[in-house]
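Presented sequentially are two complexes of subunit A, the first with subunit B as partner and the second with subunit C.
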Partner chain A sequence: MAGLSLASYTARRAALGLVQVLAVVTLVFLLVQALPGDAAVALAGDNPDPARIAQIRAVMGLDRPAPERFAEWLIGLPRLDFGVSLVSGRPVAEFLFGGVGPTVVLAALTLVLLLPISVLVGVLAALREGSLLDRALTSVSVALHSIPEFALAVVLIAVFGVQLAWLPPTAVGADLFAQPAVLVLPLVVLLARPICSISRLVRAGMVDALASDYVRHARRLGLGETRIRFAHALPNALAPAVQQVARTTDWLLGGVIVVEAVFVIPGLGTVLVDAVAARDLPVVQGLAVVFAVTTVAVNLLADLVAFRLAPRAEVVA
Partner chain B sequence: MKRAGIGWLLIAVPLTLALLGPLFVPEKQTRSAPFMPLGLLGTDFVGRDAWHQVLAGGQTVVLVALLATAFSYVVGVPYGVIAATARLRVVDELLMRPLDVLLAVPSLLVLILVAAITGHGLAVLVGVVTLVNFPDVARLSRATALEISGRPALEAMRMQGESWWQTSIVYTGRSMLRTLAADLGVRLTAALYLVASASFLGVGVPPDASDWAVMVDRNRGGLFLQPLTVVVPALLIVALSVGVNLVFDRALRKVRT
Partner chain C sequence: MPLNRRGFLGLTTGLTVVTLAGCGSGAAPASSTPRTGGRLRAAFAGGGAKEVLDPHLANLFVEAARSKAMFDKLADLGGDVSPQPRLAEKWEPSADLTRWRITLRKAAFHDGRPVRAQDVLASYARILDPNRAFRAKSSLTLIDLPNSRAVDDRTVEFALKRPFVEFPNALAAFGAYIVPEGAEDFSKPVGSGAFSFVSFEPGRSVLLKRNADYWEGAPLLDELEFVIANEESARTNALLGGQVEYAHDLTPTTARSHASGDRMTIHRAPNSAVQAFAMKLDRPPFDNRDLREALFLLADRPQLVESVLAGSGQVGNDLFGKGYQHYAGDLPQRERDVDKAKFLIRKAGAEGLVVKLDTSTAAAGMVEAATVFADQAKGSGLTIEVAQGNKDTYWADTLKNGSLSSFRSGAMPIETHIAQRLLKGAGTNVTKWARPEFDALYEKAVSTSDQAARADAYREMQRMQHTEGGYLMWGFADWIVGAKPNVGGISTAPANTLDWARFDKVWLG
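Up next, the complex of A and B:
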């Protein structure tokens, strides 16, 4: 992999991403196909009349062979045509656009806060290795790391929302932008796990980098300590952290689903949970595609950034 | 050392409740109005004694997480070893490439999708958590087995004509044990996390099940009236996951140093 240019690396990595997206989309379609009893049976009600089922099937095009429907669905995806909801008859895209706002706000704010905080904490801990701050950080992050979001959320709501009444316990009927207080608890819950893992990685990378040969060499050359730390050591320390940020999107998406459910925020996670409860499969299918594409895209982006920061880094395909 | 002590303490409370709690639930349960200040913690959303629910509700979380972790090793280790020791590179690719796809999808999404399609049941929950967890085990086993198969010791054993059983199972297996054990804590916490989150979202368990995560979800409506019916099961889950993590983290440090 030596001497790989950014352009050719990008092309390779993008091709892999495309294959991943196609594979996931196919998998989702097959999974939904595997369902016992199709949408027509679900729609026909409690006492299904075979003639009625056949009629619904014909109307929805379910009597056609699966490869044909798959091709049609696949062609529709780039045009954001995800099909029609079984329950309400509205296009699935409408559900997605309806829910995307709050979810993007939550995810974007989390990432915007996550990066500076975890880098700062990690660097501080590394510069004072073995100090009280360093040890406290390690203990807290080991402990916080594993807590399921819903349990943390409920405990925080009980303390800050109900007992102390400092913050609103849920976001029912609130406008996310008009009342930013609504977002405080959800953001704290979403940030708790990723901050721990990323700041620990930054710390480890920074400790390694500061002890490395090139930093010792830079010191011998008489470069300023600030320049050594932030222009030479930090970029190398960040590369593994950036890739971990990408893996965090996995948690973030899962976390967002849970956090939206706990705080009653009408985002994509709530749409998903409702669609699953109503067995509205086209909506579930559409959401699965959106989530999968997002995850693949973020991973792609992170690998590219990591490659740019430390080009020698072997990137796991 | 101190941290591991706290860890054991944190595990002990929820684990004792989960394993011994069901023995102390009275046969005949009386129902009263929802969220009344009766009993130790008050009553839950359908008027059952919340303390009895806490006693009965730990079993599923603990058992499902343990079973799913065990299964992901049972499936993942042979899977990874076969991929690593396959003579044909195609077999390796065929086995490992699909896992990349599985790893590209958010785990909670896989869980929700599969559970939506296959329906309720603890077996489904065990199956799905295994499905989500085993790719990591398989990858780790493959990497470890690859490293071991290149060792001179194994080469020498092969030349001496040791049996396949001796080289592949006894020697390779024993050498992998330590790496796999070090990873156990991470797998177990991941399984606990997934099981609890799935139950909270109503995936895989019936809506009135005696389960800590389900209690947290169902009793949220009474947070203002009987906060303990929500906070106690939530804290038990927190204690369990933090405890497991602290104990394994400590054990890992001991192995490394």
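Up next, the complex of A and C:
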């Protein structure tokens, strides 16, 4: 790592990221092309009169060669022009903008709750390693982690939304900021599994760190136990968890389709499902750009954070 | 029955509510006297990308319901799926049925301008624009527009390319709405309907308010909000949780579990969607008439209705449009007869034959019906193998490929069903039925003003279909809507007709 400054490392990673984004977009284009049927067939639906399909195709410009349409779309990209939805004629940017709001609100709130809770749980379990508390936390974690999101969502809605009527069962038609209560159940569902996986990693990291040579050395030097635990052991313990937080962030920013569908949150996942079903290629491509950029950015950020937390760790470009 | 995620979600909510039903204190009666005021929130399935407010582009149920609230057609379909005058006060054909004089009602658009003959001609010209692909185009294409004219502000005279006695069916076609002349921007739509536009958030909600000057009388509701929830379980939960007052398109399973609860009232619209299997007549094996009859006889229709539709429907008689105008209700109901089916299969030399039955989740219940039917055919000598295809392209795929496929259709006049699906060269002729004598009967039916002759022709066409057609129409599904018990005025007319999803007659008690 000697000689490689953080700035030039970041620049190199960003350039690589750009190539990755382009690769993803091209791949998505090819994959959607490979799907059976196009936007005209999907729109014609149960009225698949071939003459009508041909007409829709002409109106949408689908009768032009695919490479030509792709090239045209790519040229607009540097100007942040994502093109126009085939089906509705509205700009793709409008779809992305509309979907980003709910997805980012959910992701941000989840992370704000996730980080302190999972670190706290992990550290507590590690400090009381083998105790009743540790075993209880472990059992609950493993049990929660094994429940898929949609199953948990269905049960929570049935109990707290419908039976007890404590919380709104869905976010249908709601403004997420004006009625924050609609976010409670989705947040619980989104938090359940990441809390388990991240707190397990923090616990393992903390147990290792507390048993390490440098912690023993610090103790011999007579440093306070609190300082040893939180200033020396914890940062090292967090490094492995950072990668998992990055993966979780990426997952959340991709729009968790199941959660969005069950709770009726019109985020990016819903936009994606609708666009793929309609074969609305420009919208799918626009989403691919957004997802690829977030993945690259989040992982870069995670590597930088991990590097800062535990500078010994090798950062692989 | 394969249990997919949707099925599982429905099942779980169903179970929860069954356990809850016991706590209820008896269903509150829907208020029986109409009341004015309030905002009704109605949840529909949507699809962000497809949602548009241009009524001519309407395709999804939510788009049809919204268009109907904000716009009018000249005619619309009544409870028996026959055309009823709407913006047209009356229609008078010439003796040879090629010129139709239509008198418009005294109505106004939301911006105060009157609805004029010019608006009607401009709307139809927009739909018929050769460079566009609106859904109503195929129905209106027989209008000779250059020779049609506005006689005065409230009279239109349409010239037709051929005599057509069922022209009012075309006026009632899906998407044939009247918009103001020159309207192209529908971001803030202006129509003549019972509700006027307030706001639109694509993929989420559309808010409308009552049009106090509506020609048929102002609606009872102050406001109407359409919200989008794609999952059926989400629509049900939103209704149970008091987030909406009306949930469109629920499954029979949901209906069954909530029928006796006091949290929602189930409204069923019978004869809304025909459930069928389509055999292709232009290729083996179903070019053989005996084999088609064998399939007709193998279907255990009551069992299909009971299992696939959870009892929310009626058995079919291989004919489209049960209960609709011109329906041949006197033809004998077909029953299951395995022995005769076995005999016919042997006679056709098809013993041991394996037939692929194409299906998909493009419409609710199709996969289940295919699975049940494959089971009913066991032991007959013919083996039916269910093949599940891509749902997004299913209808286009099965129009071209395969020999046996699941089929489903919403309500439309029997004449339209014949014109679109059973004539040689019809755009969506999935059974590839092509009989010159049948086409001649159709021509006769639509070009004569002799009522008795027309009735005979319709009956004869249906008799031919019943005897040797390619549609095994085994059932008619109810259309199921859930509402809060205090919602009154919900009609049980079949889906796609005027009174379906019609909110100007609905009130909140």
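We adopt the following convention: the second predicted complex is superposed on the first by the 252 of 317 C-alpha atoms of A that agree within 3 Å, B and C clash if a C-alpha of one lies under 4 Å from a C-alpha of the other, contacts with A are read in each partner's own complex, and residues count from 1 in each chain.
Note that a residue touches a chain if its C-beta (ideal position, glycine included) is under 8 Å from a C-beta of that chain, and two chains touch if they have at least 3 such contacts.
Remember, it's a predicted structure, so these values are computed and weren't measured experimentally.
Participant: Could you say whether A:169 touches subunit B, subunit C, both of them, or neither, answering first, second, both or neither?
Facilitator: In the superposition, A:169 contacts both subunit B and subunit C.
Participant: Contacts for A:95 in the overlay, against subunit B (first) and subunit C (second): which applies, first, second, both or neither?
Facilitator: Once the two structures are laid over each other on A, A:95 reaches subunit C alone.
Participant: According to the stated criteria, A:299 is in contact with first (subunit B), second (subunit C), both, or neither; which is it?
Facilitator: Only subunit B; A:299 stays clear of subunit C.
Participant: Tell me the contact category for A:199 with respect to subunit B and subunit C: first, second, both or neither.
Facilitator: In the superposition, A:199 contacts neither subunit B nor subunit C.
Participant: So, A:141: does it touch subunit B (first), subunit C (second), both, or neither?
Facilitator: neither
Participant: Give one of first, second, both or neither to describe whether A:149 is in contact with subunit B, with subunit C, with both, or with none.
Facilitator: Touch partner of A:149: subunit B, not subunit C.
Participant: Per the contact definition in the header, classify A:271: touching subunit B only (first), subunit C only (second), both, or neither.
Facilitator: In the superposition, A:271 contacts subunit C only.
Participant: Using the superposition on chain A described above, determine whether A:253 touches subunit B (first), subunit C (second), both, or neither.
Facilitator: The first partner, subunit B, only.
Participant: Quick one: is A:31 in contact with subunit B, with subunit C, with both, or with neither? Answer first, second, both or neither.
Facilitator: first
Participant: Can you give me the overlap between the subunit B contact set and the subunit C contact set on subunit A?
Facilitator: The overlap between the subunit B and subunit C interfaces on subunit A comprises residues 35, 150, 154-155, 157-158, 162-163, 169, 261-262, 273, 277, 279.
Participant: Name, in rising order, each residue of subunit A that touches subunit B in their complex.
Facilitator: Touch residues, subunit A against subunit B: 20, 23-24, 27-28, 31-32, 34-35, 139, 142-152, 154-155, 157-158, 162-163, 169, 249-250, 253-254, 257-258, 261-262, 272-273, 276-277, 279, 281, 284, 288, 291-292, 295-296, 299, 317.
Participant: Which residues of subunit A touch subunit C once you look at their complex with the stated criterion?
Facilitator: These residues of subunit A touch subunit C: 35-37, 41-53, 55-56, 58-59, 85, 87-90, 94-95, 98-99, 150, 154-155, 157-159, 161-163, 165, 168-170, 172-174, 261-264, 266, 270-271, 273-275, 277-280, 283.
Participant: Can you list the subunit C residues touching subunit A in their complex?
Facilitator: Listed in rising order, the residues of subunit C that touch subunit A are 5, 9, 12-13, 16-17, 20, 41, 43, 47-52, 59, 131-133, 135, 137-138, 201-205, 225, 227-231, 233-235, 237-238, 240-244, 362-363, 390, 392-393, 395-397, 399, 408-409, 420, 427-428.
Participant: With touch defined as at the start, can you tell me which subunit B residues reach subunit A in the complex?
Facilitator: Touch residues, subunit B against subunit A: 3, 98, 100-101, 104-109, 112-117, 189, 192-193, 196-197, 200-203, 213, 216-217, 220, 223-224, 227, 230-231, 234-235, 237-238, 241-242, 244-246, 249.
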